[in-house]
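Here you go, one structure.
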Amino acid sequence: MSLLYALDLIGTAAFAASGAWAGIRRQMDLLGVIVLGLVTATGGGTLRDILLGDLPPFSLKDETYLYTSIVVALAVFVGHRHFERLHHPLLYFDAIGLGTFVVIGTGKALAMQAGPLTAILMGVATATAGGMVRDVLSGQVPLVLQREVYASACIAGGAILVVLHHTAVPPTIAIIVAATATIAIRLLAIWRNWQLPRVNDRALDEK
Amino acid sequence: MSLLYALDLIGTAAFAASGAWAGIRRQMDLLGVIVLGLVTATGGGTLRDILLGDLPPFSLKDETYLYTSIVVALAVFVGHRHFERLHHPLLYFDAIGLGTFVVIGTGKALAMQAGPLTAILMGVATATAGGMVRDVLSGQVPLVLQREVYASACIAGGAILVVLHHTAVPPTIAIIVAATATIAIRLLAIWRNWQLPRVNDRALDEK
Amino acid sequence: MSLLYALDLIGTAAFAASGAWAGIRRQMDLLGVIVLGLVTATGGGTLRDILLGDLPPFSLKDETYLYTSIVVALAVFVGHRHFERLHHPLLYFDAIGLGTFVVIGTGKALAMQAGPLTAILMGVATATAGGMVRDVLSGQVPLVLQREVYASACIAGGAILVVLHHTAVPPTIAIIVAATATIAIRLLAIWRNWQLPRVNDRALDEK
């Protein structure tokens, strides 16, 4: 469980950096940048804990997540001129966060006897809700709703964990397989520029 | 109670369709369309359950709501070319959903000994919060805040239920009367194009 | 505690007025104006109570907050032509609300054995989350993320309360000092037009 915690903090840091960067791009002040980093990094797990009724949420029980997010957001603010160079590595850390957040969210819901669809949704919410709040607070339609195989990777990873949960596979193996699958799908989607179908109908514009 | 459950699912389906349609119009991908359908259909009742402290919310206890929303959103995505023809019937299903969601929300709050204003608000939240989240995620100011007698119909229906709750009227009758009133006001508002007052002051633009 | 309750209602009224005014400026109808007033005034404390797991939230337990918000929003709607003249006094009432909401939020978290950072965050959330929801529902990037020493005043006040909480200073004195500090910083920031640093980099536009 110690490895999962380390991966969780890496994901938290990557998500905080993406939130802080969104704030800087919107010309927010220092405080706005920190708030956006905090919300992006901890919003998903906090929503999951609210929905599962496990309150206060993880982020207020173990303040390590708050401190990690704030320190990372500050570092991005101070070093924003060098951030461009970090863009590429950040995508990898973000993918690690995605895989980790999915197995933590889905795993927690399964441990609380949630149904299979609920468990998958809790994984997706853990991994994507923070970024959705980041985008709404930045005045943008959430990226995750519009493009890229991002939440889809989470659904796949969550579904794998749900299936393995009902087999004899040991939980540790199930977690590793599900997290690895999420990360692999996400990275393949980036490399190959995978897209989900959408309605691309000019007639829509006139409606 | 079985009739109420059937009406609840009809309302869920109508709300999921309106959410999915909003996602298609914003050129979201398949997953965004499903998420918007889900959130629109279950967001209001989920917020009500969070506020009343009844967690996990109804939507995670009975997965029928999740499956209904996802199937409807998928159907709207696949059959979007025929959606135009469904616009008119959908307004009726949406009105049925409105009346049902109001009596479920207000009724649940009353059963938990909430005050009268709280009970009415919980009915309004159940019926309108999902649509507000749909609009925010679509990058728009919530329609319900801007025009039409929509939330007002919910307030009227909720108030009727609160008043009848304190009389000798049997609960089943009270629910039928309140839901019918909500639906009737909503349909009359559509037919007669009722509007609430607003401040229409050119001077505002300069402020 | 009775003085704190009176200040709390003054803050609630000031926040409700700012929410109602935002709705009027966006040409919302009467109901939208009331909803925006309600959400702005009670949203922060409601989010705090959700996060702390104290449900139903304060706003649904003591309906005085709801009635105050609705009456004030109605008054702003009816008397909007005279609102301009109230702008200046409202800033003072808003500052009083800020100081009061911070000590209530941070104090409540401390009473529930929250960690120091969590306690400060709960004060900030109580004082600013309502305004953030107001801005999101109005289709705007939250003001508090962009400019002015507003949330920063809350952080300072919350930090003072946390420090005094761990000393021998009597709670009443600690509350008065922390609230006064918040209000003083906020008013000084208005008078002297204090700003937090931000990244003001033209190169950002091209990224």
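Going by the order they are written in, the chains are A, B and C; count residues from 1 in each one.
By definition in this document, contacts are C-beta pairs under 8 Å (C-beta built on N, C-alpha and C of every residue); 3 or more make two chains touch, one makes a residue touch a chain.
Just so we're clear, the structure is a prediction, and the values are computed from it rather than from any experiment.
Overlaying chain A on chain C by C-alpha atoms takes a rotation of 120 degrees, rounded in steps of 5. Where chain B touches chain C, under half of the residue numbers in use are shared by the two copies, so each contributes mostly different positions. Chain C has its Cα centroid 29 Å from the Cα centroid of chain B. Along chain A, residues 50, 55, 136, 139 each make contact with two or more other chains.
Touching chain B in their complex are the following residues of chain A: 50-53, 55, 114-115, 117-118, 121, 132, 136, 139-142, 144-147, 151-152, 155, 195-201, 204, 207. Across the complex, chain C is touched by residues 23-33, 35-36, 46, 50, 55-57, 60, 63, 66-67, 77, 80-81, 84, 136-139 of chain A.
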